[in-house]
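Structures for review follow.
There are two complexes below, and they share chain A, which is joined by chain B in the first and by chain C in the second.
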Partner chain A sequence: MSLLEVSDVRKYFPIKSGVFFRREVGRVHAVDGVSLSVEAGETLGVVGESGCGKSTLARCMTGLYEVTSGKITFDGDMRRDVQMVFQDPYGSLNPRRRIGSIIADPLVIHREGTAASRRERVKELMALVGLNPEHYNRFPAEFSGGQRQRVGIARALALNPRLVVCDEPVSALDVSIQAQVVNLLKDLQTELGLTYVFIAHDLSVVRYVSDRVAVMYLGKIVEIAPGEELYERPRHPYTAALLSAASVADPDRPRDRVVLRGDVPSPISPPRACRFHPRCPKAQERCTVEEPLLLGDGHQWACHFPVEPGEHLRSAEPGLEGRAG
Partner chain B sequence: MSLLEVADLRVTFPTPDGDLRAVRGVSFEVRAGQTLGVVGESGSGKSVSVQALLGLVPGARVEGSALFDGEQLIGMPAERLRRIRGARIGMVFQDPLSSLHPMYSVGRQIAEAVLVHRRVGKEQAWSVARERLEQVGIPGARARDYPHQFSGGMRQRVMIAMAMALDPELIIADEPTTALDATVRAQILELLGRLGCALIVITHDLGVIADMADDVMVMYAGKLVEKAGRRALFRDPRHPYTRGLLNSLPKGKERLTPIEGRPPSLLSPPGGCPFHPRCPVRIPRCPIEEPPMIGPEDHPDACWLEEGR
Partner chain C sequence: MSLTDAAFEAEPVHVEVVHGKGPWRLAWERLRRDKAAVASMVVIVLVALLAILAPLFALITGHDPLTQYPSTALTPEGLPVGPGADFWLGADSLGRDLFVRLAYGARISLLVGLSATVLATVFGVVVGLLAGFYGGWVDGVLARVLDVVLSFPYLLVAIVLVAAVGASVPLTIFVIAFFSFAAMARVVRGQTIGFREREFTEAVRSLGASPLRIMVIDVLPNLVAPVTVLASLLIPTSIVFEATLSFLGLGVDPRTPSWGAILADSTDFYRVAPGLLVFPAVLLLLTTLAFNLLGDGIRDALDPRR
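And then the complex of A and B:
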């Protein structure tokens, strides 16, 4: 059995209007029918642009959000064994509390040990993530961004979780610090046998840490495959465009960027059938009427006209665009 | 001759804890039609060093020399500087929403810039505005729309249209793609690449540099540490900081080699070479004596090891 099973999960946020009755006038379809499984010991990467629902999916997986429909099953005690590392190392630590007490929170909530044993455990955790245990009594303001992210990781590890969901854990950090935190996460995985769901918009970081990668677009998974397979042989046109648009520090890389038309549409009223069709260079009649299902074995994609190996997608004309947004 | 020639630029912010020396003696030049990439991490002084030239860092002490087309920008009266800033040097910032006025239509904002700097009628200014919007791929009919009616990527295009409004000789783009998603970022990079005028791109994203810069300068703790052509910088990085930065980026599945430690405080930067506390190849001389820019003219760097090469 998989460690975590997500089946047909939907998460909608109501949009309300009016002063007294707060009528529901619409819904944001943040996650709209996602199914996937996370196997013990692996790292599942989730990539996508802002508004694709990757963070909402993360919060559903950790139980921070109640799902609108669908089911999430975890092989164990979800409240203890699933923990989360957040993006913003500034916003996710209470500035008025000492580092030691922040890291001890999960222990206190779950009534683990005595004050003295908790203090020992916190010092152990601080050493584990590369912080000086003597800094136990310091405040978050005394730490740099990279160190704060280590505090967030120590807090997530306090209860010896089995699954850690990392939501953009390094995107707020400078490049040289990013690499330190990514290496730390990798080492902790080997040392503690952790399973990760790693959410990020930086494709090269996701490639580096992940065994499998899922690509999301407007609340849906459009492609999921073993990491190298996905990066070398993308089948969904969106994945191909995303990969070609990625920032690569190589001046000799051929500049065959696939430039897509317009922006990501609003998740309040997503396009019908295939949600990518208004921007897709390969879209045909069928894409506007029939929603493609996520099919395949190992490497799955949701597209009627997938990219063939060796095929070159054409860019949108740099001309005029209609109303977007 | 260079379009912009900056020599020994220093920018200091007086604070209650002492002087914060954000930029400490930086020299560079931009040739007409060329793209200069300025790369560095937060606090490296990359934005301040360019903004200070245009009088955009209130409260700072700016010293040194900056000749724009032969005219000294440092110490120039504010009114005169404002004229140059609008008409001959355009600017594109990271966050277009805070640089656009929310209550005026985008066409009006562009037209107004034209009216201030050119002797034209209202009708003509509006037609310039529509033309510029079309050049960045926005239908001229949308000139009457307000900033909130555009998406993030479209707003960044509006900013570019505005920067282009008066056919400037130089455009300064400060983290132009940082707030954007990958697919939209690709559109903006295409657009910036087609501008034709000289461009200074300030970014922390080495991918942007690899994509569009002709020349690159790398900054660390308020200092210039390396200058090179784009290809030379990526193929033959010389300064240990530049090397560390490039090694920190994931390349497939190879284990990352981060730079240990973290950037120094600018209130009390370390003596000698600012990078020495984190440098894997430092020698006894590094903490004592500060290295000047050494090496070939087209690819100098500030490292003592350069002397032995």
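And then the complex of A and C:
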């Protein structure tokens, strides 16, 4: 059995209006039918543009959000064994509390040990993530962004969790600090046998840490594959476009850029059938009527007309121009 | 045994305690450099001394605040004497010692100002926290209640209450607190809504922390700054509120020396005895100004980014 099983999970946020009797006037389809599994010991990367539902998916996985429908099964006690590292190193630490007590929060809430043993554990954790244990009495404001993120990691590790969901853990940090934090996460994984769900919009960071990568678009997973496979042989046109837009270390390397036209459609009323069809260079009639399923073994994609290996997608107008709306 | 345990038995950690300067310590240091705030604190301490030492002044002058001294306090024409060695700030129209009455009035002003503020703050924080944290229908109901309170004509309510139960200090405190807590509750509610969505509350919520723990341990410490500022500004408002009610005869028992009541007494006599009007007015002005300036200073000290 997988460590974490997500089956057909949907999370809609109601949009309400009115003062006295708040009517629901619409729904944001943040996560709309996601199924995936996380195996013990692996790192599953999740990439996608802002607003595609990655963070909502992360919060469903940690139990912060109740799912609208679908099921999340975890092999263990979710509150205890699933922990989260947050994106914002400034917003995720309470500015009015000392970091020692912040790191001890999981222990206090789960009634672990005595005050003295908790203090020892906090110091252990601080050393583990590369912080000076002497600083446990300081306030978050006295730390840099990278150090604060280490505090967040220490807090996530306090209860010896089995799964750590990292929601854009480095995207708010300076590039020079990102590598340090990413390497810390990798080292901790080896040392403690952790499983990660690693959410990011930075493709190169995800490639570096992940064993498998899932690509999200408008609340759905469009492609999921082992890391190298996905980066070398993307099958979904959206993945191909995303990869071609990423910056590369060698600017002289020839490449085809697939420029997507238009904006991401509103998740309040997402397009019918394949959600990518209004922007897809390969879209045909079928894409507007029949929703493609996520199929395949190992390398899965949800597309009727996948990109063939070696095929060059043209940055042409969408294949269904004029008929999209 | 987990890997963590093994790693740490091999490598014991030696720790020395390093105390960072807390936000309160830093705020206090900034407040001490604020000249207006320091001057305000001096004025407040002096007014407090006046209130505390009121019985001593009564002893020294030999004048009780409620007793009339017609033989010494009034001229043969029946007018109050001016300031002098016997009556330091003069006498009032009934022959009572103005200074002693003002000193006792300071007790009422500070008692009512502080008690009403504490009451309004406690009540406002509780209501604001609940409304902001729970949202939904709890917020809907409480927010409507606040709207109703804020749209009440407070003088009318005071008149009705005084007519019904009679003027008294506790009633005055209650009336002031009732009409002040809504402002506090609104501020706290807004702030709480902001903090409820922050990642650090999500972090503890994902651990299964109870709503009470999140409100008290995670949200409340972040509200101390805005609540302190608002409370420090509620004190002068309450003092003026009390003076207003007493001036109109709706506050404390009319015989009790209160700055508002003393001012009310002076209205017929300020032409012949201007001190009757000037001294309580200046005292009231200085006290409320000092509390207001101190409140501003506290706000600046707590939020150096402004």
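Worth a mention:
By our rule, the second predicted complex is superposed on the first by the 313 of 325 C-alpha atoms of A that agree within 3 Å, B and C clash if a C-alpha of one lies under 4 Å from a C-alpha of the other, contacts with A are read in each partner's own complex, and residues count from 1 in each chain.
Just so we're on the same page, a residue touches a chain if its C-beta (ideal position, glycine included) is under 8 Å from a C-beta of that chain, and two chains touch if they have at least 3 such contacts.
All figures in this text were calculated on a predicted structure; none of them were measured in a lab.
By the touch criterion defined above, A:G41 lies against neither chain B nor chain C after alignment on the C-alpha atoms of chain A.
Look at A:N160: by the touch rule set out above, it reaches chain C but stays clear of chain B. Within the superposed three-chain model, A:V205 lies in touch with chain B and out of touch with chain C [touch as defined at top]. With the contact threshold set out at the top, not one residue of chain A is in contact with chain B in one structure and with chain C in the other.
Chain A makes touch with chain C in their complex at residues 20, 59, 62-64, 79, 83-84, 86-88, 91-98, 102, 105-106, 109-110, 123-124, 127-128, 133-139, 141-142, 152, 155, 160, 191-193. Against chain A, in their complex, chain C makes its touches with residues 2-4, 7-8, 11, 13, 15-20, 22-23, 140, 198-200, 202-209, 213, 217-218, 221-222, 224. Across the complex, chain B meets chain A through its residues 41-42, 134, 137-139, 142, 149-154, 181-187, 189-190, 204-211, 230-231, 234-235, 244-253, 255-260, 262-263. The touching residues of chain A, when paired with chain B in their complex, are 49-50, 144, 146, 174-180, 182-183, 186, 201, 203-205, 207-208, 241-242, 244-253, 255, 257-260, 262-264, 318-325.
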